[in-house]
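Per-chain residue numbering starts at 1, and chain names A, B, C and D are given in the order in which the chains are listed.
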Amino acid sequence: MNDSEGKIELKSTKVLGDFPGHALPAVFFFILGLWWGTKSILKYTCKKHKRTCYLDSKALFHRVETFEGIILVSSIGLLVMGAWFADKESPLIRLLRWHHVTMYFFFGLLGIATILCVTFSSLPVSLNKLMLSNAFFVEAFIFFNHTHGREILDVFVHQLLVFVAFVTGLLAFLEVLIRNNVLLELLRSSLILLQGNWFLQIAFVLYPPGGGPPWDLRDHNNIMFLSVCFCWHYALACIIIGVDYAFVVRLVKSRLKRLCSSEVGLLKNVQRENESEEEM
Amino acid sequence: MNDSEGKIELKSTKVLGDFPGHALPAVFFFILGLWWGTKSILKYTCKKHKRTCYLDSKALFHRVETFEGIILVSSIGLLVMGAWFADKESPLIRLLRWHHVTMYFFFGLLGIATILCVTFSSLPVSLNKLMLSNAFFVEAFIFFNHTHGREILDVFVHQLLVFVAFVTGLLAFLEVLIRNNVLLELLRSSLILLQGNWFLQIAFVLYPPGGGPPWDLRDHNNIMFLSVCFCWHYALACIIIGVDYAFVVRLVKSRLKRLCSSEVGLLKNVQRENESEEEM
Amino acid sequence: MNDSEGKIELKSTKVLGDFPGHALPAVFFFILGLWWGTKSILKYTCKKHKRTCYLDSKALFHRVETFEGIILVSSIGLLVMGAWFADKESPLIRLLRWHHVTMYFFFGLLGIATILCVTFSSLPVSLNKLMLSNAFFVEAFIFFNHTHGREILDVFVHQLLVFVAFVTGLLAFLEVLIRNNVLLELLRSSLILLQGNWFLQIAFVLYPPGGGPPWDLRDHNNIMFLSVCFCWHYALACIIIGVDYAFVVRLVKSRLKRLCSSEVGLLKNVQRENESEEEM
Amino acid sequence: MNDSEGKIELKSTKVLGDFPGHALPAVFFFILGLWWGTKSILKYTCKKHKRTCYLDSKALFHRVETFEGIILVSSIGLLVMGAWFADKESPLIRLLRWHHVTMYFFFGLLGIATILCVTFSSLPVSLNKLMLSNAFFVEAFIFFNHTHGREILDVFVHQLLVFVAFVTGLLAFLEVLIRNNVLLELLRSSLILLQGNWFLQIAFVLYPPGGGPPWDLRDHNNIMFLSVCFCWHYALACIIIGVDYAFVVRLVKSRLKRLCSSEVGLLKNVQRENESEEEM
């Protein structure tokens, strides 16, 4: 659940089970990124084919978003409970735990906003995205004030988290202003994937599993190496989103072919123009 | 009226009555944030219901804005007068007082611009928002140059003020370019609320009332604690705006029901589309 | 012509005539800001009255812009010549002179772009603004690398120049993307005015005329005082633009009344809507 | 291929042949900038003349872009291979080589995205630009973490690369949101040209060819001199793009005159309005 414990223990040379504490958010963000990416692609592809084949996608998306909100709120609730009832060894650890609870809380607010947006039509539609950007900005802010007095490598890997969270928040805010731009949504999804991957990388760097030799946290060459790693993680995230895109588009097309086999041929010419209008 | 005095006195270990000096702007910004938030929600809700039920809202809003401008100018005038005729103990305090007068002056300009905008139709309509962004940018600039040579915690809490004021200014500037986006307005209002809350927090941190034990201004753990506090203040501001939203929407709907009880049923379907046009 | 000389002389305690070297750009930017502000207001007001009274304003504006470009190029040419043929005492001064020539050169490019834009219709219309933003960005970049090894007050006043030039460049770039927004143009004009005023302030701070006592360049209180001054200079610039606005609008209206006395009455209601379209 | 080697050798006072290692990317970026600039101007001019004379430009541009993508991918492949099979003297050099491979990889991704965009119509059209912005952001990020422990001048020239790459990435990202704005495209091209020129300048500064006397890497005056150089390189890039513009427009016009000699006269008046629509 939190990275601070491990660090403290490193200092006191007692290794607590902190690898899962970083692997958990890694899995959380990875699933979130993949899911939002898939949803964006699906929405985009459905919209492009809307004119010819009728798919009752709007109601479906509403139900999916409600479900998403509920999952988000309940999983966040569990995490907060977990953090709350854990034993608080020292004042510093209790403080750092508060950092994590705060971050979780804002993701919980996002879940609540998602549910409210679908339920009440009187709310502005982009409220969702605004709370998303809030959640990431708060995450960036907290991590920025989280690493005082640690080793340079530890600070560096967390500052990269700050960087990713900040850029993701900025993109989400841009989506408040510019709606339905599929590229922005995919970029945001790939950054969330990247954040997941990077959490896992941090876990492997700070708490090498299997009793492997620890990294030298003061060596600047390790920073240079990890900055390359970061870029490759990003490349990986881009490629995952790309493969996802190809897969979803193929799936939608093959399903549409069965539904309305004759109209697909006429569709091809309309697509490009559609696109220009939507992204403008 | 100003935070500098207290600090100086802390050094000379003589505690002057500076708690109200921070509580006053706290109240000022809190009322401002709540009022602007309510106005935005009211405007947004009225606009959505405009098509079916006639409400003479435009003239009303003009009158309200004139009133707002007059209140703003006169209250600022009082504050400036207060700062002007206070006894100036040392050159440094006199200098810091000038800092405050400058900030007040730009909020006064905002009040004047509000009145002028309503009075003369030849002025650009967003002038209002431009002066608002000016006022916050100037506040950020002044506070940025305000805390030289103080303790790290004192600097930290003021730098957070700089941060909030800067982001508020940025949002107000965005509103000059993108008008009538209710989410931007609510975000701005919640940041102004946050600023009010934060001023109060600063008052409690730097000048603990009731003779409580003072905070250790050099302890870095306090910074980490206050950065969590800041996030929770923000969460509180968001929730206040949310409750306000629910309250105002319910009020407008119940009043409309009385005015035009039959048309409300037809209205529901139109809302969503209206929304998309307005926020795009 | 350049601020470096005076600084060097301060060190060698020999005071060269450098006050005019800062007063010249002050006058240059002041006139530029006032002129561009007036032009923007005139354009905006003429556009608003376009529908009812025919004014052959387009051809007039073209001629005026050609004239503006020629004036700009020739005055820049003179400044560059002056810098070129001045006696170069030391390598450092020769280097700093190159800094100034570079800045002038980009303002010269702006003048050429202005002339070309009016002459050739095949050029994009916003080229003008792009070169303007370039000129200010280059100025900011140069001043940023200009003040190595000087006293803190000297650095501070120049960093404020960097700040103003950077923001002006940003606004001009925004105008490339969002055209005909009168508020952006007026804001830019007021920042150019501010830059002019600030150059004059720098001259008075670094080279007090009339043999007055010099400022203590190492005292941090002076920084705090000058940051207040900066805000008041900005307030002054805003007020100058405001007075200019009132003056120009009154002038245009009185002239229109003579030209087409009957239609002005009908015009009033159209104005507000016009405005909304233009600024959106 | 990489700047690190030369630096290492400078320390060990053994001069390796690293001048070509910086000249190669210089040539690469110079050609890229010139080519993209020319393509933008051609597209813009063709669009303006579209209404009167039919030119089958769309199919042509598609073919050209496929070709461009293939060239890009294959040249990047060669560079990566070259870096891969070079002898790796020390761990640090191997690490720095990884930095370069990473940068090349993202430009390779850009090439692949270009090909995919043209081939599959189901992809968003701006994907191209998004990958371009990614490539430049990654370049900026890598160079930012590339120069640890070097001399100030070495750091300075590389930080300017970071700066240019970052701004180019930002512009490319802006093009994702605002399409078909010729000025943005030309500005981006000129910045890429500038990057090419600057790589060459770095080569001349760090590894003076012909056994010339090396620069003093610790002298701050050199920084001030190079910051002027940087501006002049930018001025040069602007002028190159300007000359290119004049050349291409003249070429297109003369070719159009032959194709449809009668309609050109009528065209002139339409141009300006066309322009306003496109850039708005």
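Here is the rule we go by: contacts are C-beta pairs under 8 Å (C-beta built on N, C-alpha and C of every residue); 3 or more make two chains touch, one makes a residue touch a chain.
Just so we're clear, the structure is a prediction, and the values are computed from it rather than from any experiment.
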Rotation, 0 to 180 degrees and nearest 5, that superposes chain B on copy chain C via CA atoms: 90
Shared interface numbering between chain D and chain A [over half = same, under half = different]: different
Chain A and chain B: spacing of chain centres that average the CA atoms, whole Å: 32
Distance between chain centroids, defined by C-alpha means - chain A, chain C (Å): 45
Touching two or more other chains - residue numbers and ranges from chain A: none
Category of the chain touch graph - line, ring, star, complete, other: ring
All chain pairs that touch each other: A-B, A-D, B-C, C-D
In the complex, chain A residues that touch chain D: 44-45, 48, 174, 178, 181-184, 187, 220-221, 223-225, 227-228, 230-232, 234-235, 238, 245, 249, 268, 271-272, 275-276, 279-280
Interface residues, chain D side, partner chain A - complex: 91-92, 95-96, 98-99, 102, 105-106, 109, 121-127, 130, 134, 138, 141-142, 145-146, 148-149, 176-177, 179
